[in-house]
Amino acid sequence: MAYRWGMAVDIDKCTGCEACVTACHAENNIPTVGAGQASRGRAMHWIRVERYYEGSFPDVRLKFRPVLCQQCDNAPCEAVCPTYAAHQNEDGLNAQVYNRCIGTRYCANACTYNVRFFNFFNPEWPKPLHLQLNPDVSIREVGVMEKCTFCVQRIKAAKTEATAAQRELVDGALQPACAQACPTTAIIFGDLNDPESRVARLARSPRGTKLLEDLGAEPKITYLQKQPWHEPDAY
Amino acid sequence: MKAVYGLYDDPHVAQQAVDNLRAAGVADADITVISSEPFDHFEFGHRDAATHMPWIATAAGAVGLVASYYLLAAAQMSWPLVTSGMPIVPLWSNLIIIFEMTMLSVIIATVITLLATAGLPSRGGKMYDPEVSDGYILVGVENPTDFARLEPALAIPGGRVKRVES
Amino acid sequence: MDRRHFIKLTAITGTGAALTACGNPEHQLIRFIPEDDLVPGVATWKPTICPLCSAGCGVTARVMEGQAEVFRNGQPGVISMGLAKKLEGNPEDAISQGKLCARGQAAIQITYHPDRLANPRKRTGERGSGQFVDISWDEAIKELVGHLDALAAANSQASLALLTKPRRGRRLDLLAEWLRRFGAPAPVTFELFSDDVLRRANEISFGVAQLPTLDLEQAQYVVSFGADFLGAWNSPVAQSAAYGRMRQSRPGGRAKLVHADARLSQTAANADEFVAIKPGTEGVLALGLAHVIIANNLRPAAAAGRAGAAIDGWATGLTAFTPAAVEQRTGVAAARVERLAREFAAHPPAVALVAGPPLAQSNGLFTALAVNALNALAGSLNTPGGVSFVPQPRPAVATRDLSALLQEAAPKVLLIDDVNPVFASPASRQVAGALMRIPFIASFGSFVDETSALADLILPDHSFLESWVEAVPESGAAKAVPISAGPVMRPLYDTRPTIDVLLDVSRRLATPLAPALPNTFEEFLNREETAGVLRAGDSAPAGQAGAEAPALQYIAPQFDGDPTQFPYHFLPYASQALFDGSLAHLPWLQELPDPTTSAMWCSWIEINEHRAEELGIHQGDVIEVASAHGTVRAAAFLNPGLAPDAVAMPVGQGHTNFTRYATGIGVNPVAILAAAEVSGTTALAWSATRVKITRVGGPDDTLILFGGATRERPEETHGR
Amino acid sequence: MNRTLTKPIADDLVRPLFQTSVWFYAIVFAAATVVACGGAAWGYQVWNGIGSAGIRWPVFWGFYLVNFVFWIGISHAGTLISAILRLVNAGWRRPVTRCAEAITVFALMIGAMFPIIHLGRPWLAFWLFPYPSAREIWPNFRSPLAWDFFAINTYLTGSVLFLFLPMIPDFALVRDRSTGWRRTLYGLLAFGWRGTTRQWNRLESAMQIMAVAILPVAVSVHTIVSFDFSMAAVPMWHSTIFGPYFVAGAIFSGIAALIIAMAVLRKTLGLEKYLLPLHFDNLGKLLLLMCILWAYFVFAERLTVWYGNEPSEMAVFWASQRGRFAPFYWTMVICNFVIPFVILTNYKTRTILGCVIASFGVLIGMWLERFLIIVPSLATKQLPYSWGSYAPQPVELTIMAATFAGMILLYALFSKFVPIIAIWELKAGLPSRLDPALQVETSLLSTRLDTEAFSSEAERADRGQP
C-alpha cells in the first residue's frame, strides 16, 4: 500500500519555542553559517517559526506559525527544476535529489513558502563538531538546494524495518525530528492515506486550513487554527 | 577549364551581352553572369529565380514538428518522473520546445538548401575574375564549344573580353 | 591479510599500546576493546539527563559508532567508539515526556565544541590574561591538594569556598558534604535568573521552599504574572507539554490563559488575553482579583489560610485593592480587573503563577506572596489543576549566595564549578575584582569563560555525556523522580569528572577527609542508599521550615535611577536560545531565531514601535541604553509588544571571552543593572533599573534577523 | 557608370579592415583587461562558492539573472529589427542590418553565459543539455530553463546564420582585394562565393525565408525568458502580460543599443556618408514607438495589480512604487519614458546626439526594469516573514562590467575583420538599381543616399538614362 505522508500543525498548541528548529538541525546535518553569513541571508532553517504581530501595545498579539516544506501535491518547485532534482516520489514526498541539483535556485524562487535553502558555500563543522553529524543524512556541498524532507531517512528506516518484520507501520511510531521534539505535540505526522491515522483525522478538522491554499499547490500540511476562548456556557 | 567572358561596367551593357549570347545560340543555362551585387531589376538578374526552397523549408518544419513531439515524448516516458502533478507528457509545455525545434528545422533546412543549390562551399576552378569585386559584371560561358562564335557576341562597347584556355 | 600477518600486526600494535598506556591502565582498554553493544551503522539509545537548567529533563542520546579523534595522556589518536548523535526527550521520563526544548537538544554541542578544554591548564601570565600552559592531571591535582593542605595546616579550612549552580540533587548534596567534612562553609550557588524569591515566598505562604509544579493540564483558567513558563522558566518542557494538552486534545475544552506583563514575551504571545501592566505592580493586580473575589463572596477570604495571612490587610478584605485603586496603580482598567476576577472564580480549577520580571523588582517578594494568596484563595493548592510541590527525597542543602565571595573576609581558595558570575552580574557588583583578590582559584568548567579566565588552575570536567549524571527535579512532575544515568560515550579528551576529582583529592589530602567519601560519583549514586553516605541532617537543610513571617505590606516598587533622567524601565529577559548567556557558545543556539524577534547572532534593544517612531529610531539603528551604572549600545528592534515606557534586552550575548562562537558578539545588558536586591531576600532585582536611550546612528548591520516583516498583512493597499 | 558609383562604397567600407588606428589597440586592450578581470572574478566565485555573489534567501536570483534578461533583450536589436525591415523591404535598413545583427549575436552569446555563471555548480552545467545522462534521465522539459536552452540555441543558431549568410559575398569581395593571410582567411570565409545570378537568387530567397522564420523565434525567445518568471507563482511575476511586455522591452533596449553602436561606428570608422541622420531619425522614431509601447505595458501591468489589490502583489507594488526600491523605479521611469519621450517627440532634438542620449537613458532604464522585475518580487513573496533584501557583491559587479567590456571587445574585433555595413546590400539598394516603377515610392520611404551623399553629376546623368 502506498503511503502519503502528511502533517498537521496545531497553531493553538504551538508556543513558538523553536525546539523543532534545533531538532531539525541535529537530525539533518544542517550547517550553521555564522554571524557574517547569517547577516547576508544565508542562515538555513528547514523549519522556521514565523512570528507575526497584530495590533499595537497594549492590545497586541503575536502569532507563531511553524513553516516547513509543505510537500505539495502540485509543488511549484518541482516542474521548474531542469534536472529533476525536485520531483514527487512514490510516497507523495516532494523529494530533493542533492546529486542531481546544479543550483539554478529556480525551485526556491518558485516555492511560494520560501522553505528551500541553498548551500552558498561548502558547509563546515570545525572539529570535532563533525562527530555529531547524523550518518543517515548526506552532507550537501556548495551549490546545492536543500529543504525539509519529512526526515525521509527515518521514513525509509521505518519502512525497511516494517517490511522485514512483515507488518504495517503503526501510526505515530514514525515521527520526523520536529514532531518528536515538539514539547506541546503541536506537530502530528502520519499517513494521509490511512483515514484513521491521527494526521488524517486532523486534516479533516474544521480548524484545518492550508497555508496559501488559494494558490492551488495542495500542500500536505494542515494548519489547525487557534481557537478563541469562549465562556464554557457559550458552547 | 576553358572559358570566355566579358567584363562590363554597366548592367545595361551586361544585359546586352547576355542577349547577344542568346542570339548566338547559347542556351540560357550555359550563360553565367557573375556580379558583386544582385541585379534584381535586370532580366539577367532573375533568370533562374525559381526555387523550391520555401517548400523544402516548410517540409523540414513539418518534419521537425512531428519528430520533436515524439522525441520529447520518448524522452519523458523513458523515466517517468512526476513533477508538480503534471502529466508525464505535458502538451502545453512541450509545445514550446516543439515550436523551437520546428523553427530550427526550417532555418537549418533553408541554409542547407541554399548551400546545396548555390554550390557552396566550392573549391574554385570555376570561371571567375577578381575584377568582379571592383564592380564589373562578368558575362561568359564556361567550357565553350566555339570561342570564335562567342567572342564577338561579348565584344560590345563598354566591355572587355577575356579568354581562359588552360 | 593472512593469519600470520594478522598476528604480527596485533602484536606490534598491542605492544605500542601497552607502552603508551603505561601508568593509566584504565586507558589501555579504550583503544583496543571495541564497544560490544555497537554495530556500525546501527543506532542505540542511551539515557542521560540534560544539564542545562534545573528542570532536569531525562533525555536519550542516539549513539552510533564513529571514528573520533581523542586525546589520551596528552596524545592524540583515532579510535572507533560510540558517539552521541542526537539528544531526544526520554519517553519514559516524567519531566520531559519524550520531548525536549531547543536548548536541551543543543547541549550535545557542548561535548563536541571545538573550543572545549582538552586537558588541565595552569595559569602562566597575569590573572585574566588568558595565558595558560597544559599540565598533567597529576600535577594539577597535586597543586590543588597543596593549596587545600595549606589551608588545613593554617587551620583556616573555612577559607575554602565552592561556587556552583543551584541544582538540587545528589551531586550538590555530595559537594556540600565534601565541604562540610573539610571544614568549609556551605557551597555558594549562583544563577542570574534564580528563583530564590519564589522559593522564599512559597516557604512563607505554604511552608515549602520549593518551585511549584503547575497542573496546567487540568486547569481551566490560568493567570500568569510575568512567568515565562513556556520559554525559559522552571521546567519548560514539562510545562509546555501540559500546556499543549490544556489547549487541545483534552475533554472539557480549552482553558484560558491570561498573561500580565509589560512586555509581550513568548509566553505572553500564547495567552488568550494579554494584560499590559506597569512593572512592579503585578502583586497589586493579584490582590485586586482577590479583592473582587472576596468582596463578591465568590470565595471566603479565610480559604487562603496561611498564604492570606502573609498579606497585610487580607483578613479585612483587601480594602486597599479595589478595582479602582488597582487601575490607578497598575494601569489595568477597573472593569477588566473585575471581569478577570469573576472569570477566575467562575472557572475552577483556576491557577495563578508568577515568576520572572515581577519577582525581580524591589517588591518581588510581596508580589509572589500576593499570587500565592490568590492561589490559596482559589483553593488551587495541592488540587488537580492547581499548584503543588513535588515531594523531595531529602531536604535541600543549605547554600550561600554570591555575596559570600564579595565580602571583605573573602575565601582564600575558591573552587568554581562551571558558573560564570563575572558575566552574569552587574558590573557594579565588581565580581571580577573580588575574584582577583582571592589568592587561589581552581575552575572545573569545560570552557574558558569570563570567570574561569581568572582561575589559576583549570581542571576540565567531562561533558555530561561522558559522565555519571543525576537529577532530582524540583518541579515538573506529580511525584519525585530522582534519576541518574551512566556515561553515554567515552570521553573525547583528557578530562575528568569534577566530582570524581574532588573525591580523589579528598583521599590525597595530608589529612584525608574522614569518614571516607565514596571513590567515585558512580559509586555514590549506585550505592547511596546502602552506603548511607549522606544521612538526613548531615548537611544542614535550607530554610527554617514553618517559620511564620509577619504580614507584608504593599510597597510601591523602587527603581534605580531618577525617572526624569532615566525615563524608561529596563527589562532584561532570559534569551530563549542562550538562557542567561551560559549557552552562548553553542552555534545552534546562536543561529536559532529568537521567537519574538527572529534575531540571531546578535544583541538587540527592543523599543516600542510607536515610541521609536516619535524618537526617529528605525529598525536596526544603533541606540545607546544608559543606566546610572553604565551604557550598552546595540541595534534597535521595533517591538509592537512592548510598553512605550520600557526598553527590553535579551540576556546572553556580550561575552568577552567565551569560545569562538560567543566572544565579541553583542552586548551584555546585565552589566548596566543596578545591584539592587529584592527586599526581604538577597536576590538581584534585575528588572528594577531605569535607563535612558539615545539614538547613536544608523544601522550598523549588527541586527541579524532571520525573518522579514513583523506583520503578516501588508498595511498598504490601494485604499491609501 | 556602375563602378564610379559603387567602387567608392566598397573602398570606404573595406578600409577599416586594412587600416588600424592606435585607438583600436587601446580599446581592445582596455576591454580585454576588463574581460579578464571578469573571468578572474568568475574563477574566484567558482572556487570559493556561489555565495561570493550577493544572492541570498529569499532573493535567489540577482544581478546575474538581471544581466541575463538585459543582454537577451539587447539581442533583439538586430535580427528582429533587420528581419522586420527586410520583410517590409525598408530600403534604409541596408546600412543598418549587419551592425544590428552583430549586436544580436554577441549579446546572445554574452546573455547565454549568465545562466551558467549563476549556477551553484557550474561544472555540471551540461546537465541542462538535452541528452540522457549516465542515469538515463533527460532534462525536465517542463522546466522553463529547458525551454530557454532550446529557445536561445535556436535563436543563436538562426542569428549567426542570418548574420553570416549575407557576409559571404562581402568576404569574397575582401578576398579579391587582399593578399597574404587575409586572402586565405577571407577565401575560407567566402566559401568559394563567385556571385553568379543563381547564387544571388538563392541567397536572397534564403534570407527571405530566414527573415520569416527568425521573427517568431525572436519573439519566442524573449517570451520564454519572460516565462522564466511568469511561470512561477511569485507576486507580480505570475502575469500573462509578461511575454509581450518582455518582447517590447527587448526591442526597446535593442534599438537603443543599436543607435549607440551606430553612432560609435559612424565616428570611429568614418561612416558619416553611410550612417546618415536619416537613419538615426528613423530609428529614433522606432525607439519612440517602443518607448510609448513600453509605457503602455508598464501602465497596464501596474494598473491591473493596483486595481486587483491582492495583498502579496500590493506588497511588491509598493516596494517598488514608494518603498525601498522606489529610487530605482522612478529612475527607470525617467530614463525609459521621460527622457526618450521628450527628446524623440521633437524633431529638432531627434538628432544623432539626441537619439544617443535617449538611447543611453533607455539602456539604463531597461537594466533597472529587469532589476525591478526580478528582485522586489523575490524579496517580497507571499509570506512576509520570509521577506528579504539583496545587495550585489564585487564579483557580480565585476562580471557585469566584464560583459559590457566583452560586448565592446567583440564589436571592435568584428568591425575590424568584417565590413560592418553589408557592401553588396548597400550597392543593391542604390536607387539606380531599383525598379524604376518603385523608385519614387522607395526614395520617399527610404534612402536618400543618392541625393544626399552621392549626388554627383555622373549619377544624375545615370538616373536620367532610360
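For clarity, chains are labelled A, B, C and D in written order, and residue numbers in each chain start from 1.
What we mean here is this: a residue touches a chain if its C-beta (ideal position, glycine included) is under 8 Å from a C-beta of that chain, and two chains touch if they have at least 3 such contacts.
Remember, it's a predicted structure, so these values are computed and weren't measured experimentally.
Common neighbours of subunit B and subunit D under the contact definition above: A.
By number of C-beta pairs in contact, A-C leads when A-C and C-D are compared. Compared with subunit A, the chain whose C-alpha mean position is the greatest distance off is B. Separating the CA-averaged centres of subunit A and subunit C is a span of 30 Å. In terms of their C-alpha centroids, the spacing between subunit B and subunit C amounts to 89 Å. Each chain gets one centre point, the mean of its Cα atoms, and the points for subunit C and subunit D are 66 Å apart. Between subunit A and subunit D the centroid-to-centroid distance comes to 45 Å (mean Cα coordinates, whole Å). Looking at subunit B, one finds that residues 81, 83-84, 86, 93 touch two or more other chains. Contacts with at least two other chains are made by residues 137, 140, 142, 146, 384-386, 388 of subunit D. For subunit C, the set of residues that touch two or more other chains comprises 598, 707, 711-712.
If you draw each protein chain as a dot and join the dots that touch, the picture is not a line, a loop, a star, or fully joined; it has some other shape. The touching residues of subunit A, counted against subunit B in their complex, run 73-79, 81, 84, 86-88, 218. Subunit A makes touch with subunit C in their complex at residues 10, 12-13, 15-19, 21-23, 25-27, 32-35, 38-39, 43, 45, 48-58, 60-64, 126-135, 177, 180-186, 224, 227-232, 235.
If you check the complex, the residues on subunit B that touch subunit A are 81-86, 93. By the touch rule above, subunit D contacts subunit B in their complex via residues 1-3, 6-7, 10, 130, 132, 136-138, 140-142, 146-147, 150-151, 153-154, 157-158, 161, 165, 168-169, 172-173, 175-177, 191-206, 209-210, 213-214, 216-217, 220, 224, 227, 423-424, 427-428, 433-436, 465.
Residues of subunit A touching subunit D in their complex: 37, 40-44, 48, 50-52, 67, 76, 79-84, 100-106, 108-110, 112-114, 117-122, 141-145, 211-212, 215, 217.
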